[in-house]
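The two complexes that follow have subunit A in common; it is paired with subunit B in the first and with subunit C in the second.
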Partner chain A sequence: MRRNPSSYPLTWHLMDILEAVFSKIWPKGGGLWNPYLMLSPAILLIGLLVLGLGYIGDISLRTLDTSTFLFSEEWSLTNYERALTEPFIRSVIWRSILGATIVTMITLLLAFPYTYVMVRTRSAFLRKFLLIALFLPFFIGQVVRAYGWLIILGKQGIVNDILGLVGIEPLRMLFNYPSVLFGLVQYMFPFAVLMLAPALTAIPEEIEAASESLGASWVETMLHVVLPMAKPGLIGAGLVVLTLSLTDFAMPAILGGGTQDFVANAIYDQFFRTSDQGFGSSLAVILIVIGSLLVWVIFMLVGAGTLALGAKDK
Partner chain B sequence: MTFDKQIKRRNLLKTTALLGIAGAAGSMAPSLLKAAPAKPKEIIIRAWGGPWVEALKAGVSDPFTAKTGIQVRHDLTEDNEIQPKVWAAVAQKRTPPIHINWDTTTNATKSALRGVCEDLSDLPNLKGTTDLAKPVGVDGYPIVNTYGYVYVLAYRPSAFPSGPPESYHDLLDPKFKGRLAFYNDGIGFHFPAQVAGGGKLDGIPSNMKPCWDFVSKIKAQEPLLGEDPDFVTWFQNGEIDAACTISTNALGAKRNGVDIAWTIPKEGAKFDTDGLWIPRGHSEGDLYWCKEYINQALSKESQQIWLDGLGLPGVIPGLQPPPGLAGDPSYPTKPADFDRLIRISGKIQVENESEWFSKFKAIMQG
Partner chain C sequence: MNRIPAVSASNVWFQFGDVHAVKNVGFELEEGRFLTVLGPSGSGKTTLLRLIAGFQQPNQGEIFIKGQTVREVAPNKRSIGMVFQRLALFPHMTASENVAFPLKMRRFDARMISERVKKYLYLVRLEGLGGRRINELSGGQQQRVAIARALVFEPDLLLLDEPLAALDRKLREEMQLEFRRIQKELGVTTINVTHDQREALVVSDQIIVMNHGEIQQDATPLEIYRSPSNPFVANFVGVTNLFHGTLESLEGQQVVIRISQQMLIGTLKSENSTLAQGVLVKATVRAEQVRLFRRQSENRDCEVCFDGRVTDVIFEGERILYELSVAALSNTLIRVIHHDQRDFSTFEIGETVFVGWQSRDMYVFVVD
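Here is the complex of A and B:
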């Protein structure tokens, strides 16, 4: 039986409108090109990004003349050479990669049990509590959260006040590498849980029951059944956390107290503090290359996880 | 014939009288009455927020609006963030997003070297300014310096019971470990550190090893690194005992009731200036009124009110220091006051600051 058009989903109506507008503009239609024309907004968006990247790539090959603050007409690899030989920049790049890797591992370790409990619990109260605990900080911006940690962990902060009650001298818990990683883990945690939740929800509970009925302990079931089946979710969450951490600006700037710059902070300095957009652009290109390489290696080793959007893993 | 003559004579007298009045008015307000072009509804001044913009508004913007009827909008975008936008607008021959940039002279020097600043050498009030108004290292007046400031050594008196620190070497005492603060790129500290490390100011920029050696010693004290607002917060929270910072921050903390004092150590202190400049690309009319604004900023009345709020010495002779700042090392007025202040050309600074910042950060983040 034919459905009543009013019961069609909203997206179908939108497509109808788009088609009507399209046929008004081009009555003969695009024939086989129609699907590609539908893709044009996405292509336009990507095109703009590529255009921006092209500009960054171009300016990264031009050196700044500090006697005129104009860029060279000729291309050269001077900025890249400087970026890869200057000890400070090398240490910043290394700190960013190491930090992003540590943050990804810790975040996944924490997010997995949290998500598992959230999707498996039979208590509606607990599920709601975990969801609220997840989303409440999610709705607060990164900068505000970082300043929140300054209030909590600062020398005059709440934690030191409590330690003071038992006679412990105030400790400096901020402005070091661990505090930046801590802030990043706290910031990335909801992203990881949100990426993991669909993957864990998709694992039928019956499979766990079957595993245990065949004699596997709960630990064995987790290790040999749930974890392998959750792998796509773990990979997807890991990729998101890794790339976001690698390019983060606010946490190193605020919780690092000027002592723990990541690449994004170095880029900001070059663009806005020393006005050397050429060198800053070369750092941006290096960051993009590093991020892409890391993602490519993960794709090659373990696939794209849930980011493959249904495509079969190799 | 007689009638004609009388008329002519009357006309002549009238004309002469009118010319006389116009001439007298012109001498009183030299630029305003000389073929003033149409007024824009508003002009946009980039400024720093908080007490900085309040002081500018009270001292310059409000009197300018009262005099001309032109509204002044203050754009609080950071100076170093507006810079690429202005440069891009000038390069693309678009109207810049601001009319006047209130900028550090070092930052403004980059714009001047790039050729994006209008010439300000015809401002009438420039005649009454001190040498401080002239930017060092650039030709003419692409920027007009409007006041100076000192990177003082601010300290908590209770942490220095035997008197103010006399030298940056005093900060190497182990009791100050973790209780010092500097700017995160070391600005303000490079030059005194050069002296503290046994070097000479002539060695800037060719031989700065003494500077980096001393910065390495300071690094062992695990200082906090931050920006202007951080220093006030850290002093307020009792987290630091000493900091190399702009005197305005120390004064701001003191005005907020923080127990703080400041000094110039024997190595000296960096002296720098801020200024006003107009980006190229505005219409002739807008440019005229922008120049009037800067001219207003160089008047004695405006300088007095504006700089009272900032606690900084201006570029017009005879300004009265704000209460408590007469004779203060952060408020130099006489030539002798500048003996221990270090002033390096803006051109040398902009040509080398990228390297200095990187080196400082490499040591501090190493």
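Here is the complex of A and C:
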């Protein structure tokens, strides 16, 4: 029995047309292969990435002859040896790891209450305000934002101007480690909130009411119920913030002013200043290994299942 | 003897925005009794429960537990165990850990906790399953964990917020009896909220019927069923036929009413202070009080008898429900329940039958 087709929404008609066209072009269809066909563009994209990685891996094993400016024919671990022994590079690597860890902890600490209030508040106005406050800086690129901090925190910046009014000597707030971390936390904050929001939304309010009716104070409810249930979101957000800040380039470059380089800055220098692609590539491989190791350690500690990927039957 | 009720409320009002969710509610519940608040969705029954639990504060009026007002008492300081609509079990804990939670929050010592948890898991018949995670338990088992968790700290009051609504019928009926057994065994004062009239009749010592935030009737299950105080209660509990008519005359509680040109005798259930002829009334007859006959001569004791036509026959297993159209009552549909197995499928759709009832089974209410 056919009903009047115009009563269906437009998108349904579009789907019908697409299906009709498709069955004309390829009547048999892909059958069981359909899902794989749909997966192929993504696989291709990842494949290109792997290809690039292969190239980087290859060049990282060749040393640059500084007299001829040619790369050696044979593979050797010289670049890696250099990276792990040279004090400057070692300090860059440690700075990156320590920085990423501190940034992750501070960001999660700040993002959790922010997200909780955003998800739980009954005031539509407050929720909108928190969302806009979150997204506005998100739309501005990282570099522009870093320059913004230069204007605000610089020697002749707004903060020092205000301090000058009350007779305080200009402070040096830029081009040091804390300013880089500060910039990174500010940059990572929206990512963390966006990762945490679905996790906190998934916790029914009834659960909190239940905990309260069973005798738990607000603090105990947070500690014993909300935090453990939000663990997948916290770990997901933590991983994103950790890997993004570990590999960040702009914040150390602009807010660190060349004195607070992270690994990405060192790689940039090797590729575009010293033109030692081999050494730069070895640094890139080391960065990938460190990042993967950190993720692996976190998974070992808390279990990959906590990300709730396909963990329905756990 | 003037005993202090375990729970009572007086003149309680609550509103969401400009909607009055609870209007002037007052009741008393004796220690150890099982009260069910029965009503359709949106009747304010869940709000009333949340007010008692302390998740919301009444705009007006007071709630008392053991004679003490609880206005200033936070939910976690009230001695109330609650089983939630969606159970609200903690998914990151095992069944035992869930049950131990309220004891830990009350700083019981470890030996006491393990003793109590064991005792209550046994009480709800989950011994041996304490180590399971919540999602490794069946729906009925999860219900039992929720009950154990709400009772393990031996609260003054147990609140049930429609926890059975999501279960299939068989399991629901099993759990209703289970609730009743546990409640009787422990003697804990209980307030249950439901829209399921059968559940209310089965489990309760006392029923409060609510509609539009107001209490319609507060009585025992038997009274609620036998003598509903208004047409809403009559209609909501049981299968009831409702007629609209006008008052002709009255003598004590016996009245004559006119329904589409027919004069019928009924029992007045409203106050008869100043009733004039022509007042609008509603009349109800329970579906199981209506009789069906093939021939008028079969009628022995029905004062009222009309001929009607069978319009629908619904077989429900232990009973059969007929729907009839009666021409004398302007084709009003009358529902009839038959329990007698021998009468099953005696009548068929389209058949002409005689339908009757006794005057004492017709209740008459004055429409305000």
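The working rule: the second predicted complex is superposed on the first by the 267 of 314 C-alpha atoms of A that agree within 3 Å, B and C clash if a C-alpha of one lies under 4 Å from a C-alpha of the other, contacts with A are read in each partner's own complex, and residues count from 1 in each chain.
Quick note on the criterion: a contact is a pair of C-beta atoms (placed from the backbone, for glycine too) under 8 Å apart; a residue touches a chain by one contact, two chains touch by 3 or more.
Everything numeric here is computed off the predicted structure, so don't read it as measured data.
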{"item": "Fit-or-clash call for subunit B and subunit C when the two complexes are aligned on subunit A", "value": "fit"}
{"item": "Partner chain in contact with A:216 - subunit B first, subunit C second, else both or neither", "value": "second"}
{"item": "Which of subunit B and subunit C A:258 touches, first, second, both or neither", "value": "first"}
{"item": "First (subunit B), second (subunit C), both or neither touched by A:269", "value": "first"}
{"item": "Contacts of A:225 with subunit B and subunit C, given as first, second, both or neither", "value": "second"}
{"item": "Where the C-alpha centre of subunit A sits as vertex, the angle toward subunit B and subunit C in the overlay (nearest 10 degrees)", "value": "160"}
{"item": "Contacts of A:86 with subunit B and subunit C, given as first, second, both or neither", "value": "first"}
{"item": "Chain touching more of subunit A, residue-wise (subunit B, subunit C)", "value": "B"}
{"item": "Closest approach of subunit C to subunit B (Cα atoms, Å)", "value": "46"}
{"item": "Set intersection of subunit A contacts, subunit C complex versus subunit B complex", "value": "none"}
{"item": "Touch list for subunit C against partner subunit A, complex", "value": "53-55, 74-76, 78, 80-82, 84-86, 88-92, 101-102, 105-106, 149-150, 153"}
{"item": "Residues on subunit A engaged by subunit B in the complex (per definition of touch)", "value": "66-70, 86-89, 91-92, 154-156, 172, 175, 257-261, 269-277, 279"}
{"item": "Parts of subunit A lying in touch with subunit C, wherever the complex brings them together", "value": "204, 206-207, 209-217, 220, 224-225, 228-229, 231"}
{"item": "Complex contacts: residues of subunit B adjacent to subunit A", "value": "78, 80-81, 83-84, 110-111, 113-115, 178, 184-185, 224-226, 237-239, 350-354, 357-359, 361-362, 364-366"}
